[in-house]
Structures are given as structure tokens and as C-alpha cells.
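Structures incoming, each one as C-alpha cells.
Two complexes come next, and they have one chain in common, chain A, joined by chain B in the first and chain C in the second.
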Partner chain A sequence: MRIELRVNGDDYRREVEPDLTLLHFLRDVLGLTGTKWGCLTGDCGACTVLVDGEPVVSCLQLACQVRDREVTTVEGLETADGLDEVQAAFVSNGAAQCGFCTPGMIVAVEALLRSNPSPTEAQVRESLSGNLCRCTGYNKIVDAALQAARARLLATDIA
Partner chain B sequence: MVDVFVPDTLDEAVGFLGHHAGAAIPIAGGTDVLVDTRTGRSAPEWLVDLSSLPGLGGVELDGEVLRLGALTRIRAVELDPELQRRAVALVEAAKVLGSVQIRTMATVGGNLCHGTPSAEMPPALLVHDAVAEIVGLGGRRSIPLAELFAGPGRTTLGPDELLTSLRARVRASSAGSCYLRQTVRWSMDLAGVGVAASVEVEGTTVTSARVALAAVAPVPLLVGSATETVVGTDLPSEVADEAGRQAAAACSPISDARGTADYRREVVSVLVPRALRIAWLRATGAWPEGVPAPVNGVWTEEDL
Partner chain C sequence: MPAGPVGELQVVGHRLPKLDAPQKVTGQIAYADDLRMSGLLEGAILRSPHPHARILSIDVSAAERLPGVRAVIHAGNVEQRRFGYGDDNLPLKGDKVRFIGDEVAAVAAVDEETARRALELIRVDYEVLPAVFDPFEALEDASPSIHDELPGVVGNVAMRWDFDDGDVDAAAARAAAIVEGMYSAPQAAPAPIETHVVIASFSPSGHLTVWSPVHMVFMYRKALADCLGLDWQNITVIQPPVGGSFGGKIDIDSHDFIAVMLARHARRPVRLVMTREEEFIGTRTRQPIHFRLRTGADAEGNLLFRDAEVVSDNGAYNAWGSHAMLVAMSTITSMYRVPNSRIRCAVVYTNKNYGGSVRGFGNPQATFAVEQQMEELADALGMDPMDLRLKNANQSGDVTPQGMKITSCGLSECLRIVREQSGWDQRRGTMRDRHRGLGAAAFIHVGGGARIYGSDGCGAIVKVDDSGQVTLISGSSELGQGSETALAMIVAEEMGVPIGSVQVVNSNTDIKPWDVGVHASRTTFVAGNAARLAAAAARDKLLATAAELLGAPPAELRIRNGMVEVAAEPDRRIDFARAVRRRLLREEGTVVMATAFYDPPTEHQDKEYRGNISAAYGFGAHVAEVEVDPGTGMVRLLNLWTAHDVGRAINPMSCEGQIEGGSAMGAGLALSEELVMFDGQIAAPNFHDYGMPTAVDVPRIVVNLVETVDPLGPFGAKGVGEAGIIPPPAAIANAIADATGIRPRAYPMRPWKVKQWIDSGERSHVVVAKGGLDDG
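Let's look at the complex of A and B:
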């Protein structure tokens, strides 16, 4: 099946198996291995990406269903100046241990901040409820999300 | 390997499904279908991708009638400001389904047509008197939503038929509804018991009411007897409790990993009166707009 889609700002045209998931398309066809393969059943959130700005689990999305749409993965968040606010806050808060959940967490926080620039802690926890972490106990991830929100608000204020 | 057919029109989708009866199943959000094909629960030769068919999404209000396209995402229901006022049970049910990611993908039609007895949308739509609009090779037909469900994982739709939209009754005033759920985890979990209630009032007197249950029978259940008990009263707690006992008697739960049959029946008898009371408080205006029902339905004056 022939699909056309945009990933992290670049246009791709590829021939794919009809039942190929977006997750496998990103990892195996495009070599974008930041997006992680956890459960393949929608439960862990490690494969979270944005499709047209909305967070989805890419393991339950067929690549052919995202034809003509725009996908953003964790690799697409970096700015010209380096890490974006969410990525930087994960680093400075020590919000990753093994790091396997981190790309999904970062993309989920990114999705939240785009629709709600100053979330409460409860809203952060709610929006991360589909992302499992086996290491951190979540608190540092929540701290990172709240700090990223403050940093981004500050950056937009200055700009 | 599964092949995917992408129809351009509804007619084409219905034609393909009819022609490949038994071998083709529709896919929209994919959050149930792809889990089923991966775990071997279903093994279709074809998936018919409905996700980009025009005209099947959207939330429209015409007076008291809500029209909900089958492809409407659960997340869109959750965030719709008009539904937050007029169909609170539906919004509360949407809010607890899966995760943000799952709700962004999953559709109302998919949640209904997958036929899961514990699904969130069925009870919430049943208490809003929903009617299912269906299209197939034989044309269009409409049925009360309760008639869509045939058993666990089964609907009454023919192999060529598709649910296109729902019509539901959502009054703007003197009406309230509520959805409560018992689960072990909160997110990414299925209901052990789901309870939806709706109430219409004149002053403080109940003129009409509905109670519907999830996960306590082979199909989502509308409990008629509970309705009759509360109509004509101001819903004092004895009456609400009696409706709860009737709902518990009407259901037929099984014992599984989420709870024993006896436990589930007990939970029904507790959650039904709580859901009815909150729906009534909302209908009479005593419950502040925008305040969600606490997860277990227990509240104090301070919460309001």
C-alpha cells in the first residue's frame, strides 16, 4: 500500500504492508527508534507520538491510517537551540532512570502543554495516566512536566 | 496477513463488507480491533478502514436532540462544552475510558459495536434514550440502542451493516445525569461495575428517570423497574436505595478477575442510589455546574 505522510517536518512516500503499525513504520522503515515498543496493546504508552498534534499510541494505529497526516515523534521536538523545555526539564529533574518510558512521557507532556500551558499537578497526572513507568515512581516526571510548563510560559513571555 | 480496504464512501464500505461477509470487519480508531487481531481473538482477512469516511463524525445539537456521529472520538465527547452541561453521564463515562491517547483514537461507534459488556458509552447513552442509526445493503434503519447488543462481543448488526450515528435526548434544563464506575485501577481499566443514571424533574419531583448498568450482564442493561420506583417522588434516600435493590435484582453478573457475582450485585445496589441522587441534584440545580461526580459517588456538602 502506498502512503504519504509527514514525519517531524519531512515528507515521506513509501510502499508499506497494509497491516504495518505506525510504530513499526517509524522504527523499522524510517529508523526513528526514539519511539519505544513496549506492550503493543495500548497499555504502556511507550509508543506515544503526536498525529496532527494529538497524542496517540502508535502501536494501535496502522501506518496506512495516517496517510496525509502529520506525525511528531520525540526526535521532532528538539529545536534549533537544542532540547525543548520538556526534554530539558526531564534531564534537570532526573525524571528518567532506565529511560524506556521517557520518549512516551515527553511526547504526552508535550501534548498536554500544547492544549493546556499551565496545568495543575492533578491534570499532569491525569494526562500521564496512560504512560507506565517501572522505575521512577512518577514524582520526578510530574515535577519535570510542571517545570517545563513554567519554563515555556516564561520563554513565551520574554518573546 | 490482514489486508486493508479504504472505501471512499459509505456505500462502498457497506458493499465491501456485504461482499466479504464473515471475512471483513470495520476498523475506525483501532484500539479494540488491533488488540483483537494481535491476540487472535479475531482473524479477519480484511479490515475496512472507516476512519476517513466523511460525514460520520461530529456532535450536533438540535433542540433537545443530540446527534453523535459514530466516528466521534471519545476525547471529543469528553471535551465538548455543550455535552458537559447537557449530557454529564456521557462526559463522565468518556473521561474514565482508557487513557488520553486511547480516547484520542477510540470512537463512540467502536465502543458500542465492539459489544464489550463493561464498555463505558453504552450505559451513558442508554440513559439518554439513544437511538442507533444503521446503514446496510438493505438501506437505513433505526433501533433503540438497547437492541444493538446481542451478547459479549456481539451485536445485532448484519455483516454488511454499519452504525452511522446516535440520536439521544439531552434536555437543557430540569434534567441531570451521572456515571459512576467501580474499578481496581482508575485509568486503563475496565469497569467492574458501571452505573449511569438520568433524571428529569418538575420542581423537585421526578417526572422521568433511567438507570443503566455495565459489566453486570451479557449486555449493557437498562433497568426499567428502578425507573418506576423513583418517578413521582422527590427521590429521598429510601426510594433511591429501593431502586438500587431493584437494579441489583435485575442484573446477572458473572464472577471473574474483576469481582465475584455477589460483590458486583452489592456494588450495583450501592452505586445506583448514589448515581440517581447526583443526577437528581443536577436536575434540580442543587449540584453546581461543572463539578464532576466523585469517582465512587460519595460526597459531602463541602464538595459542592
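Let's look at the complex of A and C:
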């Protein structure tokens, strides 16, 4: 079937099988391999992307379900100035070790900060509880999320 | 190389982001499954549905006829030899299968769906055999024999690890208190988020290239050659970035050989990707180990002996998992000063997925027993457990009963720090009414390599190009733990250049010099020393040239921030890169390049398990605070205070990352992680049920880095990669004991189990020796 959608600001028109997942559409059809997978059962969160700003695990979403919608992956977060606040905070806090959960984790933080620009630590932990990380023990990820929130609020205040 | 005076450090000791972090946060970095190549086929493996069965026949004809299938292989149509420790394994099983998940046949096809459909068309006739899952039953005469084909294996005993030091019976006779108990550790999984992926491709001339996130890469290459009858000069192994391993990807697995055999049969590149289910059922696990342990002390609290009977349940094959006892043994004999010790250990075959070299390698299991007994013993003696620990703590200069030479030891300081920070003296034993408790555990672990092979060395090449860019080519590789950055920092420090001038190349066997591999928390120490030696030699070449330019002898020069200057007159200086070009761009010029190979001054253990296998040992202590819901048995980890003797923190942020991440894994082991199995079948091989901690389960972890500046470590550093995972199961068990009065005998301490213990009043077994104390 034919779908049209926008991914990271670019418009695509593609023929897809009805059972193709959004994850495989992104990775195999569009070649956007930044989105990872760890289970294909929706348990690890490594494949989290934004669909119209909402976080979804792309392994449980079909490509045809996102027709005419806007998808953002980790590749779509960088700004003209380089890394966005969440990415920069992940770097400076040591929140990425092996890095395999990182794209999904960063997208999950982006989703949180869009809906709640000033989250508490407990809210950050709750919102990341669907994203598994085996390397960091989560604390540096939580610190990065909180720092990114502060940086973004500061940037908004100045603007 | 001695640590030497470190003076004012420019790079080492600073909190620096990992070099690869920007690529990781943007999704640019390409892991094995992100690689794209022309003509790539997808492989899939047919696994045994039976825990123990004889293979009578295999019919692959229907699978071969399926359109899109390019190769179907099984033991009957491939050349393969035995592999693994004790040569007890075969990539594709010919005679018998020995666990549910054992590899029987494999397919390569144009896509994954076709490959999976082809698997369903393979007909295997099995004669189902009686199976054994309990290691104690496996030791009984009536047990089925799992490796009847191996003449040396009697009664399913794969290996023995027996140790004697001093006279345990005499020591027991004069003990004032002896505690005794059984302690069991479960089968658990390393469970990296990235599953195993391997790609194999032959060139038209027969050269094999394998892409695999393995981390003992030179042994991997040799094993491929040995098992498959290939010329190992004709094999290149490329290590893509590793999406987590924790020991799960350390070693060669059947699927690695299978990918190569499929590529050979199909004459096309083949990729094998483990599903999450396969990752749980078909790759290496952390072996369950059962300890019956006795510890005794005199009335003043001097430890007198430890006496252990140990059964390590390594599953269907040895792999290196059989050697987890090497580490477990060192904790029983050498955690604290123990003048007499005795260990009787059998590593036992069972019809289960087999154990490997998972982070901590036998040490969380042994520490669970040893450190609980320290608190039980303290209670029996009427002493504070911290006082008992401090009284018996290892000290610098000690040589342990196994001949481990302790050159730097911050154990006492670590114990004092976590005691103070947790409010131990005021709070332990006072919170039972609120169902809260504190528990401690310390650890000893190799921190300066581990001599298991002929060499424990690592090669390094440092080159400087005409731009001044410094490249370290290291034999050792990055797993995500930050070793690459630590090595770059060591080189930058040694050469006097900014960290931004150093890059690391470490992922291709054609390019990098030999290394044992990433294991045993050895990379910062061993690869770090190699890098430092090579950097120093390259620097000296550069200084010789700079000396000509500056008209001052090399000994009077130093390099700071990329400038070579006369130490006494810093205004007389030249750019580092200019000195490189001066050396290069002239008649009879030379490149600035140096090599080094560092093999630590250690020795193999002898047949009695004595020998200084590591050039340094890491120590540390944790205190856990828990809250136990007496109604449900649910345990919440509220706080974890940690102090680790890391020698010197090359990159404190990475050290914290290792300790926090290890501690979280340890908390998972303690409270929730287990491969629950029924009749050899892993009940729920998925992340949903496995019990890995999430962001809401892991509390804030306080990390204290204690710097003892090891005499042999690079800038004094010791290994830290595995350390964090070791104490939490024991510390949390001790905290549960403090909160409830029950004594956990096994982990994971899941709610239903804790509830059962509370209801049945499980207590410490205190045996009182003659003339001793009242029964506690």
C-alpha cells in the first residue's frame, strides 16, 4: 500500500507491505538506522520515536498507521547550532555508555519535556520507566534530562 | 611501568565526556545490525526443543527447495570441529542436544521471513533422553550422563576446583563462634540491549571477514580457524561498536561459527541476528552457584577459617563459565585475612543453557555467601559487623593464601566512608519497627589484569601525523564502558597534548596489535600501561627533534597543551606539530611512531591454585538501605552508598558510570533478575518478565572514588569495570536481615520468597564452638 508521511521534516511517499512496522520502515526503507531495537515486543523502548510529538515504540506501530503524520527520530533532533539540549546533556553527563538505548531514551526525554518542560526527578524516572538501559544505572540519564529541562527553560526565558 | 610522580595532571583525573558520545546521541554510530552490504543473506538457527535428546535423523530437503533459500546446514553437511573449554561443544550438534536452544541446523535465505519459514520445513527425529536440571541430582550415580562422549567426564563433573590452606579442622576446634549456611545464586542473564549479531563474508580469493561485537577478538579469530579448518591469516575480524555486553559477547558462540559456515555454503555474505528470545535461551548466562559455607573466628573477632563446599551449575557446556570458580575461590580465600581455608568445588553439567563469563564472573555469587557470614559472625560474637570487617581487612603489602600480592589496598578507607555516610553506627539495628535495615558488603577483585592465558598483554601503537594528530592504535576495544576515552586521556597526558588531538583506532584485527581481550577489568590497567609506554616512546622521539629546533637538550624540554617548551624558559617553544613535520619532511626523515607491548608482571596459578594472577587488586565496600513490606515481602532499595578503591580515577565520570551501572545490575540480581526455568524451559525469555531494573527501581547511588595510586597502574589506576555488581546482592541481603531478622539464603530476593522466609522465620544457623557464646 502507498503511504505518505513526513520524517524529520522530509516528505516521503513509499509503497509498503501492510505488516511492515514503523521501525523497519525507518531502518530498512528509509535507511534511518539511528532508531534501534532490543526486543520487538515493546518492552525495552530502544525504538522509541515521536509520532506527531507523542512517544511510540516503533516496533509495535505499523508503517501504514502513521500515514500523513509527522515522525521524529533521533536523527531529527539536531538544531542548526548542533546538538539539542537533551543530546548535549547526555554527552556532558556521561548518560550514554554503550549508546544502544540512547536514541530511544533521548526521544523519550524529548517527549517528556515537550509535555512537561519542568519535570521533577520522580516524573523523569516515571516517564523513562519504559526505556531499559543496562549500562548506566539510570542516574546519569535522569541528571541529563533534568539538566536539559533547565537549559531549555533558560533558553526560552532569554528568548 | 611504575606510576611515577604524576605532578600536575592536565588531562587525567578530569571529568571528560566519552569520545564517541556525540555520535551516540545523534544516532550516527553504526552497530553491527546497522551495517548495510550488497548481497547480504539473512540467517536463522533451528534450535532443539528438547533438553536432552539423541538426534536420529535430519531431513532438510523441503527447506532446501523453498524459493529464496541459499544454504541449509547441519552436522551432516559441514566441516566443523569441537570448541570451547574442554572441547565439549560443537556448533551444529551431531549426536545429541543438551539443552533447549541447542543449535541443530541453520538456514541462509534472501530475507528473514524466508529463513524462518525454511526452519519450519526441517524435520528432525529425536530420541528424547532423560534430562537433569538440578546440579545436585546431576552428581548422583543414577543421573543421566550429559557428556557420555567425553572420556574424562565422570558423573557430570566438568571440572573440580579444590583448595587447601592451613588446617581448617584445627582452626575450627579453637573457634569461639562458627556460622554455617547454604547460599544460592540463580541463573541470570547479561541481557545487553543489543542482541548478538554476526556477519560473515568471504572474498573471491577466500579471505574471510567477520563483523562481530565480540571482545576477545584475537582468540575469536583463532577459534574460528581451529573449529572450521580455516587459515587464520586469512581471517579479518572487525568489531563494530558494541551495544552492551557485560561478558555476554566476550567469547565465541555456536552462532558465530554457524554464520561463517552459512556464508561458505551460500557463497554470499550472511548475517545472523539473535532475537531477544534467542538471546535469553541461546546465549551465555551467569551460572547458578550453590555454597555451603562455614566461617569461624576467635572471641576477639579474628577470622580463623573458611570452609566451603561449592557446586557450580554451568549448564550443558563449559565455555569459560567453568572458570567463574577461579574468582569465587579468590573471594572465599582472600576477602579479608583468612588464615585457613578449604574449598571443595565441582562444576557440574546440567541440561540447561550454559554459563559464561558475565560481569563479576562468580564474584557476586561468592560475595553473597562470604559477606552475609561476616554479619552473621559479628552478630554471634556480639561485635559490630563493620568492626569485624575492619579488624580483618586486607592491607597493602599482604600476600593472600592464594599468593595474591596486594600492592595497594583502600579497603579500610572504603569501609569507613560508607559506614560514616550511611549513619551505620546510629541507624543499623534501630529501624526494624519501620521495616528498614542497613547491610554492608565489601569485595576484592582483580584490578591489574588476570593471567589466564600464555600472555596477559596488550599491544599499542602511537603515531603522530604531520597535522599533529595523535592516533593510538590499541589492541583493546571499547564496549561502551569508556575505556577508549580513558586510553586517549592517558596518551594525551603522557604526550602533553589536548584530548582533542588524540583519536583511538581499535576495532580491526588487520590493523591493531595483539591483545588478550576485554575481560577481568583489565583494560585501563593493561591497555592503559601499553598506551602510556607507546606514548612516552613517541614523545621522546619528538623531543629529540624539538631539541634540535630549540637548541636545548631533550631532558630540559616538556610538552604542555600541544607546545614543546624549554621547561625553565617557557617562552622558548615550538608547536608540537611543527616538530613532527621537521622530523618527517626532510631527507632521511622519519615518522613519529612507537610501539609497546605491556604484559603485567604476574604469574599463572599453579595446580594448587596459588599464584599472583593480577598485578593489582581492586577493593570496595557498599552499604544498602532497604525497606521491606512485611505483608507482601516486597523489598525496596532506598539507598546505596558505595566506595571503591580505583587506584586513580583516569576519568572520574566514567568510573562513576561503571560503579553506578554495575551497582544497578547488582541490585537487579539481588531483587528481581532470574531465568526462571521449568523442566529446562526458560519460562519467559523476554524483557517484560526477566526483571531488569528500570529508572524507577534504581535509587540515587552515592559513589566515592578512593585513590590509593597503585604502584604499577597507569598513573596509579586499577580496574573498575566489574566492581560495582559484586557487593549489592550481599549488602541487600544483610539489609533485609537487619530489617526483618530473617536471613536470605538465595537471590533474587523476590517478594514471594521474602514473604515465605518471614512467615517461616528463617534464621541464621549459628553453631557455637566449645567454651563459646550463648546461642544467638
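One rule holds for everything that comes next: the second predicted complex is superposed on the first by the 159 of 159 C-alpha atoms of A that agree within 3 Å, B and C clash if a C-alpha of one lies under 4 Å from a C-alpha of the other, contacts with A are read in each partner's own complex, and residues count from 1 in each chain.
Keep in mind that, in the parts below, a contact is a pair of C-beta atoms (placed from the backbone, for glycine too) under 8 Å apart; a residue touches a chain by one contact, two chains touch by 3 or more.
Everything numeric here is computed off the predicted structure, so don't read it as measured data.
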Using the superposition described at the top, determine whether chain B or chain C touches more residues of chain A. C
Between chain B (first) and chain C (second), which does A:Thr21 come into contact with in this model arrangement: first, second, both, or neither? first
Would you check which partner chain A:Cys101 touches, where first means chain B only, second means chain C only, and both and neither mean what they say? second
Which partner chains sit in contact with A:Leu113 here, chain B, chain C, both or neither? Use first/second/both/neither. neither
Looking at the overlay, does A:Val57 come into contact with chain B only (first), chain C only (second), both, or neither? first
With both complexes overlaid on chain A, does A:Leu40 touch chain B (first), chain C (second), both or neither? both
Tell me the contact category for A:Gly31 with respect to chain B and chain C: first, second, both or neither. second
So in the superposed three-chain picture, is A:Ala149 touching just chain B, just chain C, both, or none of them (first/second/both/neither)? neither
Kindly classify A:Gln65 by the partners it touches after superposition: chain B alone (first), chain C alone (second), both, or neither? first
Counting only touches as set out at the top, which of chain B and chain C does A:Ile141 meet: first, second, both, neither? second
Contacts on chain A seen with chain B and repeated with chain C across the two complexes: 40-41, 43, 126, 129-131
Please give the residue numbers of chain B that touch chain A in the complex, ascending. 1-4, 6, 27, 29-31, 34-35, 37-39, 47, 49, 51-52, 75, 98-102, 104-105, 186-188
Spell out the part of chain A that touches chain C in their complex, as residue ranges. 27, 31-41, 43-44, 46, 73-75, 77-78, 83, 87-88, 90-94, 96-103, 106, 124-126, 128-142
Where on chain C does chain A make contact in their complex? 15, 17-18, 20-31, 33-34, 36, 191-195, 241-246, 275-276, 479-482, 653-654, 656-657, 660-665, 686-688, 692-696, 698, 700-701
Quick one: in the complex, what on chain A touches chain B? 1, 17-19, 21, 40-43, 45, 48, 54-57, 59-62, 64-65, 67, 108, 111-112, 126-127, 129-131
